[in-house]
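Each in structure tokens, the structures are laid out below.
Two complexes, one shared chain (chain A), two partners (chain B, chain C).
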Partner chain A sequence: MLTFVAILVDGLIYSSWLFVVAVGLTLIFGVMKILNVAHGSLYAFGAYASASLIGAYFNAGWAPLGSFAVILLAALIIGVALGLLMERGLLRFMYGRDEVIIVLVTYAVFLILEDVIILIWGTSPYFAYQPYSLLGTASFGVLTFSNYDLALIGLSVFIGGLLWWGLTATRQGKMLQAVIHDREMALAFGIDVTRMFTITFVIGAVLGALGGAVTAPQISVTPGIGVEVIVIAFAVVVVGGMGSIPGAAVGALIVGMIRATAVHLIPQVELFVIYAVMSLVLAFRPKGLFSRAEARKI
Partner chain B sequence: MSTIGSSHPAARTLRSRLLARGILPGLLAGLLLLALGVPAGAQQTIKIGVVAYLSGAAAGPFGIPGRNGAEVLIDAINGGSLPAPYNTKGIGGAAIDAVFIDEAGSTTKQVEEYRNLVQRQNVDAVVGYISSGNCLAVAPVAEELKMLTVFFDCGTPRIFEDASYKYVFRTAAHSTMDNVAAAHYVAAKFPNIKGYTGINQNYAWGQDSWRDFELSMQLLMPKAKVTTAPLFPKLFAGQYSAEISALQASNSDVIHSSFWDGDLESFILQAAARGLPQRSTLVLTTGEANMFRLGAKMPDGIVIGGRGPYGVLARDTELNRWFQKTYADRYGTPPVYPSYQMAEAFLGVKVAYDKAAQRTAGKLPTREQAIAAFEHAQFEAFGTHINMALGNGHQAITETAYGLYKFDKSTGTASITDVVRFPAECVNPPVGAKSDDWVKGGLKGAKCK
Partner chain C sequence: MMGTDKTLTVLGATLLALVAAGFLLPDWAVFLLTLSLARGLVVLGLLILWRSGLVSFGQALFFGTGAYTVGLLVLFAGLRDIVALTVLAALAAGLLAWLVGLLLTGYRDIFFAMLSMAFSMILYGILVKTELLGSTDGFNVPHPTFLGYAPAGEKMRVSIYLWTALVSMAAAYGVHRHLSSTMGQLGAAIRDNEIRVEYLGASVRRVLLIQVIIAGALAGAGGAVTAFAVGHIDPDAMAYWTVSGEFVFVTILSGTGHILAPFLGSLLFELIRSFAFQYSPYTWQMVLGTSLLLIILFLPNGLWSLYARLRKGG
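Presenting the complex of A and B:
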């Protein structure tokens, strides 16, 4: 029973983190067909900004609970600023080019931003640990969980729900779906696709930065943290189906649960199991679990 | 028309002034150098490539402190300001000209960078490398290029146990020492434990560390058992929620970890928030490198090692006091073990060249002469004694120490209490023995008294 609860809770916590980190990546790909490797940099920038602002906030001696708002603020500032800079300043000139070229461009941006991080924050680690212990712990037998980790489950459900509602129940969302399904047709119907691209990229960037911002209190924020994240986020997106938000949720859930099961039952295969699942899914569903049927254009 | 000859009083006055100010000897020396074809003002230099992580996750806890240690030593050696007996200027009389290279990137990249250092930048020696993978890859290339190369930090015992090198040295002890000593410390301080397990990174360093610790525990504490399968999360995983739950469920008295860099800090932050260090004693073989940065965030009572007697575990000697003060004055933080290891690597090069220079009438010794002097050398470093005892005189052994972490909130200082020192011959394999065989064979030949 104890092991089952541990697997369930740890799996949900890890899945939630994966979803927050990966959903921005899949959203941008779904709308713009851009595999944004620089998503890892947005995560890292979000983490650094969050750590810096949290440090300044606590040094100022303000109410500790306000630090959660600081985390969201850090993600918003970084996501909007960097998202606009990347999309308006660079990517818009690449639209229409081969997807591989755009991947290489975002990879170049990723490498540049990695060095920019070192220029701004240096190589020493940053800590923003205060919010992590602020919410206390919850116990189940000998297991003690951080309520901050449990709150991440709520955050991911909220983000998933918000995106789902935004895409299905709002006018802008429906227009975005039209762009996802057929960019040329949407353009023909008068949808401002360029504006949609900018909005989508900024939302994706904010989500990437949010992933880093909420992770900052749990970790030592050091150069290179974005590298690992982009790999695992890519695995989640591939399992779920590139560009599918429900796919990202299911992909995160599968990867998170399987990893937690491995850690508790067969720790020797922890590393192997994530990529084994990815390979298995790709073997039977080459475009992921929630891939959309594409009309063949003649 | 008047001239000033050598016998003229004005000429004598001018000559005495020139002599007094050292101008005349300088001019004469300049003329001599011109005649010999040496540019005036040129000083004999020895160019050394210095390799450490200057970016990436390992830069903060390892690479930058290592580079800082190199800078302190280079300036002190060039200025002749090291305490006795190392207070002569330069290495074998030559000033160090350092070239710093970032160790970040793949092993292939490091091999390319190494070749560039040797073949394009024409360095005379290379000091560096934190990653065991990089050390293993660079060592045969150093041999091929006949380049004196001193590893300062990497821990794998395999370098000199699986091969024999003429041009490669390592002035720090290898990782077997860390984990055998950790088991000794647990046996000495926690004799009643019933169960233990480990969490280590999933690559050679983590796997070897756990193997050495577990085998040593079986010998030293046969009644204590491994509670649950050891955990091996991937390097730079960052998220340890599931691992911490598994460790909590294991009810282990002791948890061993050779985690380093940001992984160690992230693990501590997450484990401390969930009360793991209060239930189980954490044994961190590299914890010393992170303790000052973590400060109050690291719970008291954690067993701390520093891959040797470095930092707060170093002995109180004049050399150590000098190093601590010079480093702290310059960088505003105390030196940690990678700083010490880098500093003692440079000291090793100086010892070798200075010793060889005694036989070359002051001329800069050749690389071969320096290497001959380096082999089997013994010298005092910063709070420890280096004995190049293993690997045909190319691999150092040192004593080591472990203690318990304590943070004083009133003064804001981190320290280590209950320090136990272990002699080099107690925790390092004897000459000719492979670490793996030595630990499996019951630590035969260990001299612990």
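Presenting the complex of A and C:
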């Protein structure tokens, strides 16, 4: 029973982290049909920026609770700056080229940014544990959880809800849905698709950076943290169906729960169980759980 | 096109040049050439897939399988012969490619790329957690023998190199034959329009499956000779997804215009890497990424297209 609760809560925490990390990726793919490998770099940049800003903030001696605003600020700055730079500066010249080629372009950006991170922040680890310890812990009987981790669950639900509301209840969101369904038709109806692309990419980039920014207090921020994130985020997105936001939520839940189960019961399989699940899902649902059927074009 | 096969002559001449280079060049250059040829084998497989419109982002799965097959057989079966081991590694990787290919060939574009990556990460996850195989540290591979001949010292390096050169050129010829066969020619048609190929009465999945198997076996052979040349295998250098990324990079760099292009591209890749590592170890990935971008932007058909362009102009 105890193990079950532990698995459930750990799984939820891990799922929320996965959702925050993966939702930006799926949003960008859904709208732009771009599989953004550089999403991992955005995550890493967000983590580094957040760690540095938190460090500076606490050195200045301001009210500790304000550090949460600093985390959000770091994600916003990084996401908007890098997102605009990547989309306006590079990707827009690639639209219309093969999807696989665009994957390779973002892979190149990822490689470049990996070293930019080292050039800016060096190779020694950064720590920003203060916000993490600030919130204390919560106990359920003998089990103890960090409140920071539990707050992540709330954050992911909030982000999911916000995106859902934005997409279904606002004018801009409905226009975006039109772009998702049929780019050319949306263009014909006078929607500025280019602008939609830029906005979507920046939102996706901010989400990626946010994933890193909220993770920074939990880990030691070191070079290479973005590499693993990419593949895991891909797995989540693919399980749920690429481009679907509810899909990302369900994918994150499935992957998160299964990993938590593996960690508690059979730790040896922890690393590859995620990909095994992904392969299994794809064997039965080739385009993921939440995907629309596509017409064959002759 | 029938009668004299020009490619056979070119490959034979290249092999002779490679053999000569093995005796003339300094030790480090021979080692570099060995690694380039081994990587070229993997890229040769990617070239076949590329021509059929597929990009595998998980070729490290077969590369790693080849290397670890060699390692396992050396450690636990006491096999030392490089010829048998290379063949067995290629077979093992080919067999795995057949199994994985049954699922993979149902996918195209980025789905194919990402699913192949996921499969390679399964292998990585298993290797990292297997204490018996040294987990993340991997283990050392002892020197091989060559059909009973056991060279010592410097001769060992040259022998491994000569074997790699022979395997590479033989593989290049095999791939050339495949690409000129009806099945190989179907690749371009599949790339253009699969449904039309089906209407013509050919099975797209069967063609792709066979090509995935060939590519897998080639990557297995590449992994096997790399294991011998380096003398050490570990999951990060053999099976991580970034290794697959490098293979794809070399494919783009080389271009798919000729079966020798992968080997030239790999050589250039190893050269850039050696020098970048020596002079600025922290900007190596940046050099890689920038060249990848430049090639995609300005030389979309790879280095080989430069040669083709020159010949056309001249």
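Convention: the second predicted complex is superposed on the first by the 294 of 298 C-alpha atoms of A that agree within 3 Å, B and C clash if a C-alpha of one lies under 4 Å from a C-alpha of the other, contacts with A are read in each partner's own complex, and residues count from 1 in each chain.
As a working rule, a contact is a pair of C-beta atoms (placed from the backbone, for glycine too) under 8 Å apart; a residue touches a chain by one contact, two chains touch by 3 or more.
Note that the structure is a prediction, hence the values are computed from the model and not measured.
Overlaying the two complexes via chain A brings chain B and chain C into a clash. Of the two partner chains placed by superposition, A:Leu210 touches none, neither chain B nor chain C. Of the two partner chains placed around the shared chain by superposition, neither chain B nor chain C is touched by A:Leu176.
Within the superposed three-chain model, A:Gln268 lies in touch with chain B and with chain C [touch as defined at top]. Applying the stated contact rule after C-alpha superposition, one finds that A:Met32 touches neither chain B nor chain C.
In the superposition on chain A, A:Ile112 contacts chain C only, with no contact to chain B.
In the superposition on chain A, contact of A:Ala276 is made with chain C only, not with chain B. The clashing stretch of chain C relative to chain B, chosen from 96-104, 114-122 or 132-140, is 132-140 in the chain A superposition.
According to the touch criterion, the shared surface of chain A, contacted by chain B in one complex and chain C in the other, consists of residues 114-115, 118, 123, 227, 268, 270-271.
Listed in rising order, the residues of chain B touching chain A in the complex are 54-57, 59-61, 63-64, 104, 202, 229-234, 236-239, 241-243, 245-246, 248-249, 251, 261-262, 265-266, 269-270, 273-275, 293-294, 297. Residue ranges of chain A in contact with chain C, taken from their complex: 35, 90, 93, 99-101, 103-105, 107-116, 118-119, 123, 227, 231, 234-235, 238, 268-273, 275-276, 278-279, 282-283, 286-287, 296, 298. Here chain C touches chain A in the complex through residues 55, 57, 103, 106-107, 109-111, 113-115, 117-119, 121-126, 128-129, 193, 195-196, 241-242, 245, 248, 252, 282-286, 288-290, 292-293, 296-297, 300, going by the rule given at the top. If you check the complex, the residues on chain A that touch chain B are 2-3, 6-7, 9-11, 13-14, 17, 114-115, 118, 123-125, 127, 129, 132-133, 137, 142-146, 148-149, 215, 218-225, 227-228, 259-260, 263-264, 266-268, 270-271.
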